[in-house]
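We just call them A, B, C, D, E and F in the order they show up, numbering each chain from 1.
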Amino acid sequence: MPVVNIYMWEGRPIEVKKEIIKAVTKDIAEILGIDQSLVTVIVMDVPKESWGVGGIPGDELK
Amino acid sequence: MPVVNIYMWEGRPIEVKKEIIKAVTKDIAEILGIDQSLVTVIVMDVPKESWGVGGIPGDELK
Amino acid sequence: MPVVNIYMWEGRPIEVKKEIIKAVTKDIAEILGIDQSLVTVIVMDVPKESWGVGGIPGDELK
Amino acid sequence: MPVVNIYMWEGRPIEVKKEIIKAVTKDIAEILGIDQSLVTVIVMDVPKESWGVGGIPGDELK
Amino acid sequence: MPVVNIYMWEGRPIEVKKEIIKAVTKDIAEILGIDQSLVTVIVMDVPKESWGVGGIPGDELK
Amino acid sequence: MPVVNIYMWEGRPIEVKKEIIKAVTKDIAEILGIDQSLVTVIVMDVPKESWGVGGIPGDELK
């Protein structure tokens, strides 16, 4: 019954998010030997300016 | 001092979310024998297409 | 398909946690008008000394 | 490699969020004696009406 | 810079968790077209009795 | 009413965690101009082997 929360920068196309949901579900189900229907994946979009690495907000990185 | 994060599909009316906040707070306070003021509930809305069960995004289910 | 994360101080008996799981699941399913089987509740135990309110760790409160 | 999730009411200016990201990153890096680049901070904005304290939604608080 | 939190029942061998960390990191990096070093995965072990589906704690499930 | 979840490698002394709780609470309260009593900080300890950066578990880094 794993639950997966994926935090990433907003702005990715819906198709990319769905591809991630499918791949991560498949991996985890296979490795744990459980049915895919038991895996829940939730993608959380975060604005770049609300996300800091090393104290630098995403919209100011490089 | 429990903190509760509830992830659910976006699109529910505000009144429904408030009803959930009230009911969950009341239950937890009663069961733990603490004052309701110590319970925090945060509802996180997630778009259906960002939420997969069994690898199938919410907007493609059934 | 709501997913609920409940953070609370560790040390509560297992029966209390199960009571919370049952009550919160019932509440949310009823209010949303969905089947209880669609609700997942995860209780996370946190040591008091890892939990601060107003900067005061739980094991130093009152 | 600490990861910090900060949930707060939406509506704060971006500059305030960035100030928080910088201050929290600096604190944690200094206290742990690690490089700031290892600290990730994610600010999650939550609508007031989705956030309850004591069962009272944020938009109805005093 | 995605951050992934995976909640699952405790008791899995460390090697299984590491396999999941590797697979999920690889998937996400490939799909997003970013370097694997930018992906953080955190596995959270949860006791079965603290995890309910449909209100039934994990240690009582079939 | 901010709620802060800090995920970090387990093994830090309690005093270090408390120092982090105090510093982060003070920063956020000052920057938001709110009372410290409104800030909750929860530190989550994660075993190094359950934490991967770039797919490499923490206990294999370096």
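Here are some notes:
Operating definition for what follows: a contact is a pair of C-beta atoms (placed from the backbone, for glycine too) under 8 Å apart; a residue touches a chain by one contact, two chains touch by 3 or more.
Nothing here was measured: the structure is a model prediction, and the numbers come from that model.
Chain pair A-D has a twin interface among C-F, A-C or D-E; that twin, with over half of the contact pairs alike by residue number, is C-F. Chain pairs A-C and C-E differ in how many C-beta pairs they share in contact, with the greater number at C-E.
With centres set at the average Cα position, the gap from chain B to chain F is 24 Å. Separating the CA-averaged centres of chain A and chain F is a span of 21 Å.
Shown for chain B are the residues that touch two or more other chains, namely 1, 3, 5, 7, 40, 42, 44, 51, 53. Interface of chain B with chain A (complex): residues 7, 44, 46, 49-55, 57.
If you check the complex, the residues on chain B that touch chain D are 5, 14, 17-18, 21-22, 25-26, 35-45.
Those residues of chain A lying in contact with chain C across their complex are 1, 3, 40, 42. Those residues of chain D lying in contact with chain F across their complex are 1-9, 12, 16, 19-20, 23-24, 27-28, 31-32, 51, 53, 58.
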